Amino acid sequence: MNILTLFVLIPVLTTLAIGFTKNMKQTRLVSAVGMSIQLILAAILVFMYLGERNAGNTAEMLFTYDALWFPSLNIHYAIGVDGISVAMILLTAIVVFAGIFASWNMDFLSREFFISLILLATGVFGFFISIDLFTMFLFYEVAVIPMYLLIGIWGSGPKEYSAMKLTLMLMGGSALLMVGLLGIYFYSAPSGGQLTWNLLEISKITIPIEMQRFLFPFTFIGFGILGALFPFHTWSPDGHASAPTAVSMLHAGVLMKLGGYGAFRVAIFLMPEAAQEQAWIFLLLTSISVVYGAFGAIWQKDLKYINAYSSVSHCGLVLFAVLMMNQTAFNGAILQMISHGLMTALFFALIGMIYGRTHTRMINEMGGLMKVMPFLGVVYVIAGLASLGLPGLSGFVAEMTIFFGAFQHTDSFHRILTIMAISSIVITAVYILRVVGILLLGPIKDDHYLHLEDAKWHERLSTVTLVIAIAAIGIAPLWLSDMINVSLGPIVDKISITGFQFVSLF
Amino acid sequence: MTGTIPLQYFLIISTLMFFSGIFGFLTRKNLITMLMSIELILNSVNINFVAFNRYLYPDNLHGHFFTLIVIAVAAAEAAVAIAIIINIYRNFRSIEVDKVDEMKF
Amino acid sequence: MNSEILFFLLAGMILVFSILTVTTRRILRAAVYLLFVLVSTAGLYFMLNYNFLAAVQLTVYAGGIVVLIIFSILLTSHISERAKMAGKFQGVMSALAVVAGATLTLITILNYSFPAKSLNEVPSDVKSIGRALVSYNENGYALPFEVVSILLLAAMIGAIIVARKEKTADKNIK
Amino acid sequence: MTINDFLLMRHEIMLVLIALILLIVDLNLKPTQKPWIIPVAMVLFIIHIIVGFLPAPEGTLFGGMFRSTPLINMMKNVLNIGVFIIMLQSYTWIMKPENREKMSEYFVLMFSTLAGMYFMISSGDFLMFYLGLETATIPMAALAAYTHHQTKSAEAGVKLILSSALSSGILLFGLSLIYGSTGSIYFTDVAASFGAAPMQVLAFLFFFSGMAFKISLVPFHLWTADVYEGSPVNVTSYFSVISKGAASFILILILYKVFFQLIEVWQNVLYIISVLTMVVGNLFALRQKNMKRFLAFSSIAQAGFILLGMMAGSQMGMTSVIYFVLVYIFSNLGAFGVVSAIEAVTGKVEMSDYNGLYRTNPRLSLLMMLAMFSLAGIPPVAGFFGKFFLFTSAASAGYYWLVFIAVLNATVSLYYYLMVVKAMFINKSDEPIAFFRSDNMTRAGLLLSAVGIVVIGFWSQVYEMINNLSVGLF
Amino acid sequence: MTDYTYTLLIPLIPLALFLFTGLTGHKFKPVVSGLIGTTGLFVVTILSYMTAIRYFWTDHVEGMGYTSLKAFETTWIHFSDKLTVNLGVLIDPISVMMLIVVSTVSFMVHIYSLGYMKGEVGFARFFSFLSLFTFSMMGLVLATNIFQMYIFWELVGVSSFLLIGFYYTKPSAVSASKKAFIVTRFADLGFLIGILMLSFMTDTFDFQTLVSPTGPAITQVGGAAFLGLSGITWALILVFMGGAGKSAMFPLHIWLPDAMEGPTPVSALIHAATMVVAGVYLVARLFPVYSLAAPDALHVVAWVGGFSSLFAAIIACTQTDIKRVLAYSTMSQIGYMMLALGVSGYGGHDGLGFMAGNFHLFTHAMFKALLFLGAGAIIHAVHSNDMKDMGGLRKYMPITHITFLIACLTIAGIPFLSGFFSKDEILTAAFHHNMPLFIIEFAVAGLTAFYMFRLYFSIFWGKETHYHHTPHEAPATMTIPLLILAFGSIFAGYLPFHELVTSDGMPFEAHIEYAVAIPSVLIGLLGIAIATIMYRKQTEIPQRLATGFGYFYNWAYHKFYMDEVYLFVTKKIIFNYISRPVAWFDRHIVDGFMNLIARVIERSAYLIKGFQSGRIQQYGFVFVSGTIALVIIFIYLW
């Protein structure tokens, strides 16, 4: 069996196994085992992938497997990975693993919770391994829908409202996406021949430019909504705020990456000409997103809202980089996805753990928590530092790559937007330090907090996994960035043959 | 036997009959009178079929038989409709159409 | 010439009684007017030389359905009862729609140039009709004839189960 | 009559026979033995289904008035499965004391309307088409008014019979004009000489209005909700899936085979009507509190999606329509099955009664959730595939904006489908519907629809099989 | 060429110490962590000195210039096919000089802290942070390329943040650490953009390539002109912005005084001797580019430096918190260094300013660390920062007193102490290149002497204060570093800097220019004299002077209201006028729009419900109208 299929199969089997469990203890054990296997598998995949590459395999996608599914529509179950997908799969495996342990004590309908959670993960894994647009879209929606239940049942606050809003907005996004994908399919053989959903095959042809102009916005915004593109990001603060811990982790950490990945893999890759023509509009939106999200975060009082806005800012950077359309920026975008995925998952994990102890997420009701829960405090600071781009942690690597990529454009339009985007790192510092200052430092606000316990073993495991990943990328980014770079080659080639110049406004 | 009467005259009659039937359906307040309007409509259609058959396509009997079948169907329809109307009368003690609006919106 | 006078007489009756059927306030009268319309229509069929059809029209329609209707009227209303008329708004709107519809339809139909009369003609006497009715070849109508019997059977059963009184039926009557 | 002729007409002949057998059996049963009707009907119907799956020859009978092709045969098989599920699901309801008396009539009426539909689908001329249509409709009114001690049921019956009479009157007027302009009622002849003159367009539009009534397209849909709400649940599910499915089948066949020269017109008509249908259906569904009424409007909105497939005017379009109807049968029957099971036991049909259902009846809730997801077009259940293929065929004809509108509407529809899910899974209730076990028949019916919802999407052979049989325009 | 790979250990040992004490520190007795850290630092110091000796003397061929060499280099990440970030160790005169400074002061501070921090909560944490800082600073100093420098630049920033906020339960410390981080972060924004521009124009990060007189940065002075300055000038000004932030140059200095909330050894290490001079080091690193490719940028450096030194000196005269006085003094002295670099030319004697700047950096590190550690000892003894609470301490703390006095004399530029030499060189350089700046610096020299002795007298002389606990001399762990540093302060001036650290690596002749030296010594003495009169005994004069200067005094006392300006910008403008509206806009306009869509749908659903009136006739009406509408559309309108 193809190793990639296992990535879908194992979660599905895990959910089935969970169906037979009797109580929370068994359920979480089964989940943990399943997702540990998944994590190990992801690590194996990375090594296998690097091994293949070192052995001189230069195919665009490795470990491909192709089974005809709906012959009349030429729909295949086609899977394969390149460096980018491998990286995303690793990210997902890590975050899901951490997520399971972060929700170790989920005692309310625990079976259903873990099933939904792992189902969500299934969708994400499937999405990343797909190279057939149909299967990709299928997995995309599979990943989105469990969110409703996860937030609606296990959430807090105005959970029904948030869950509904999130689901509907994301589905609205997939409405756009559907149009884009169908358009791509029907123009996948402009000079006659078999239409195809296969990414790689479509990438070999040029979709007629008039169609691209029409389809690109659909596809890009469609994915962009999941990637929190301004002004379609408002599902994110409410959704994250209401979601339970592990769900926020998975959602912000992984699911939102589907948006960036898709925008890159589908919209930009298949329709580079239109992308270049229209990039400026979306660049404006994304750079607004970056700054706006950061400013929005400053004013928030709820920890989750802060992080949600921060995600808007960081994910905006992903799309921003994707639209810069050069290899460095693409690399930065992927790195940023991974980095943001890890650190935002860490953030949400911590917020969940803090909330579980103090029963509030309002920063002004807390204070001095470092004293009572040093472990969580320190990890929170690390997450914050990663978020504000401290060297040695992953955020820095990603942001720098993006900025250097973006700066390769010489016209003032791109330059100004780049500088705008860069300025967000200061704003980020402001809100991160504000939170750290109010939440962790200073005197203890409430005497009740004196009796709070520090992290338990599963919480430590969950957070430490993420911290290690963040630091590993931050300290030694070369292997990751090179793995991505190699895979970016064909994509950049495809884009550069088009020979369009950016529309310069200035 | 039709002499010089053009086909169109028949069509005009049938159309007017058809629309007066519809008018009746839309305005009569009694379920049975509504049913009567329906009979008007069906009847007008029959005139159409017959006229076409005789005037244009005497080489077949389609219009003729269509009419025949429509008459039969109309009878069946009337039977069931009247049964239901009687049932309505039992339930509502009235066969006024405006009273039959328990389900709405 | 005779036929034309007859036609206009029938046409006039049909139109007048059609309109009266849908406008009269007395229900029973409406039924009688309907009867007139149906009978006049049968007259038209005679004119068009479809004698069998005319006979069926008289027996089934005029004889069957109208009687059924009159019975049900007698069952559900008082003879002297005057039907309520539609509200002004409803009446005007319906009239507008109907007039517009009739006008459009008439214009469209009258502007259409129908094909010329086909030359060969099949007989429409009872014998050939009877033959066609049981023929299962082209232009045979055995199948509709059979199916309509199914329909009538089903309608009968349906009418029975709906109209049949039950022991429990009276319980919920308002 | 040769064996081949029987095979061509097997569905219709079998159904009529079954109906007659049931009538005869019923006459010979004492009132206490009435329940025997059910196994008899079941067994006979199973035989019918099996016979239906025998290899299908292609041919015409009665001089072209009846025709059968593997495609038509398959359409009938699809409907057969749906009817079987409905029969299973109606067990609890039919066994109620007040319905026992009329048990055999229920089956007889159902089978005769089904036979009417099959005649309609198989019709080779407008006369048979009309006759089939009426056979499928008139006894339905009796079914709608089945529980006649309930005012709602009677109201449903009268609304159905009067509205459908009006609609078939208008449809007939259209047919008469078609006859007037072509001189024939046979599809093949009509198709050959039917053009796009204004009167022919008029005739087509009258015809289409009548069909739109059957499929409940906006603005010809208004009867739907009231009739669905008033009728017994199982009759409603019969309406919403079988009746609607059959009408869709014949509409697409006629559009493709007879009116293909009017394609410009009917594509545009369908465009407008489908947008209206989706939007209005959704807007009404949003506000509904009664499950049956809610499902009625949802099924109106679903009908709007079906049009997308029809519009393509291609083999792909037809495949997607048939496939969608198949999926829709399972999904809607899943939903109606749950509603029926709950109503039969507790009499509750309001959405608020479903609050907290998951805690007491998890399996029913899960099935309901699957059905809702399938109706909303959420993967991995079959509804996703059905909708996706519909959209694909619409896009293949270049209707990208329509697809966009449709998917947006699907999103809105997701809202109200999720409201049901929310009621069952999220909302708390002080007195939820207590746990109950349905009888085995009902359970089998529910299980069948659940299996269908889950399996049909992934099982691409189903789609391919339909696709191999489907045809495009001439 | 000799192998210097072992220098890799210089940053790595502190890193190891940081990880070790950080992860396992709570498992041991606190003092163990301290001892481990100090031992490690001792090794680092030894290595640093060894490197310096080898580089400057042992391995040096007489008469040749000092070249820079890479002891170690590895690829960190590829940005593009042209731009690659390496991590490595660069050995050249200024980095070796900085090694000495950092390792010496850090080692001293480690020893000192063993005593100073004894019994504090978080003793281990303190030492692990110190190690982290040392690691970062070493990495910064040894950076082979500007991007590596930026990496460690940020790390130093965060160590500074952590150390300032060491007493994290104290709100003032928390806000000071925040302020320090954010202000420098803001400055780093400029640095980063500068790097982006520079690397874009030159396709390299590497210092050796950048500063090479034949390298792309200098020969292909590229970039479109913007506002009359070339691209490279802008790039360098932006880079300098980063340096100005770290080095607390006006107007980015506001974090430095507040940073004194940190433990005093930290102030000595980070905010006096090492980190704050990183800006100077940065400019010195890129000096050839500044000098040869963008003299305009160098002017900016000079003027910012000059103005800052005056500005800070004035404020220092009015402050009463002894650490703040020292902080402003630091700022003032760094201004000197910047100015020195700014007025310097490239090569030979023209490069006097460059040499002088680095020289002053070196000597300043010694005496300012000494001052801070002395201040720490005093604070340790009297438990207060405010000079109003002090007085007459010379009796209780003789060693502190003496060493403090030495430091004061050094900074005042009294001849034969190290400060004299370095400051004199700076004044000479300014005198030759830029007269207005010379005059400013001349005045600042007097002010410096004045406020230092104001401080000195207020602490050790002046009124007799009654202490709750009788102050006593600090323990040996604290006094020994004081003595060592005093030694350094006295004799560091005799190092032949003009031979070792020059702008182009070649030695040149330098001598004392009496025309500058004598007046500057005199004005220093004048300052001391005034301070003696005013503060030796408790007098009315300061009060009268303060009222005499009135507004000016008040302005200076309130640090020219710079904090208030910043507060206005951050709290009022960013918080209230940007962030709050953004948050509001997001909730009410953007999200409101989404909710509006939902509401419109809901509302229209309500509005059209009348169609479903439940009346058959209306249904029929709609049906018929629908058909007629279709007819109208498709027959008559299409």
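We call the chains A, B, C, D and E, going by the order they appear; numbering starts again at 1 in every chain.
Keep this in mind: a contact is a pair of C-beta atoms (placed from the backbone, for glycine too) under 8 Å apart; a residue touches a chain by one contact, two chains touch by 3 or more.
Keep in mind that this is a model prediction, so the values were computed, not measured.
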So which chains are sitting against chain A and chain C at once? D, E
Starting at chain B, figure out the least number of steps needed to reach chain E through touching chains. 1
With centres defined by CA atoms only, which chain is the most remote from chain E? C
Chain whose Cα centroid lies nearest the overall Cα centroid: A
Winner on contact count, chain pair B-C
Can you give the whole-Å distance between the Cα centres of chain C and chain D? 30
Could you please state the distance in Å, as a whole number, between where the Cα atoms of chain D are centred and where those of chain E are centred? 77
When centres are defined as mean Cα positions, the distance from chain B to chain C in whole Å is 5
Mean-CA-position distance for chain B and chain A (Å): 65
Could you tell me which residues belong to chain D and also touch two or more other chains? 127, 131, 134, 138-139, 141-142, 145, 148-151, 157-159, 162, 166, 170, 177, 180, 183, 198, 202, 225-226, 287, 412
Listing for chain B: what residues touch at least two other chains? 18, 21-22, 25-27, 34-35, 53, 56-57, 59-60, 62, 65, 69, 73, 76-77, 80, 83-85, 87, 90-92, 100-105
Where chain E touches two or more other chains, by residue: 609, 612, 614, 616-617, 620-621, 624-625, 627, 631, 635
What are the touching chain pairs in this one? A-D, A-E, B-C, B-D, B-E, C-D, C-E, D-E
Show me the residue ranges of chain D that touch chain B in the complex, using the header's touch definition. 126-127, 130-131, 134, 138-139, 141-142, 145, 148-152, 154-159, 161-162, 165-166, 169-170, 172-173, 175-177, 179-180, 183-185, 225-226, 229-230, 287, 293
Would you tell me which residues of chain E are touching chain C in their complex? 617, 621, 624-625, 627-628, 631-632, 635-636
Contact set on chain A toward chain D in their complex: 69-73, 75, 134, 137-139, 141-142, 145, 148-149, 152-153, 159-160, 164, 167-168, 171-172, 174-176, 178-179, 182-183, 185-186, 214, 218
Counting only contacts in the complex, chain B reaches chain D at residues 18, 21-22, 25, 31, 34-35, 38, 41-42, 44-45, 48-49, 52-53, 56-57, 59-60, 62-63, 65-66, 69-70, 73, 76-77, 80-81, 83-85, 87-88, 90-92, 100-105
Listed in rising order, the residues of chain C that touch chain E in the complex are 86, 90, 93-94, 97-98, 100-101, 104-105, 108
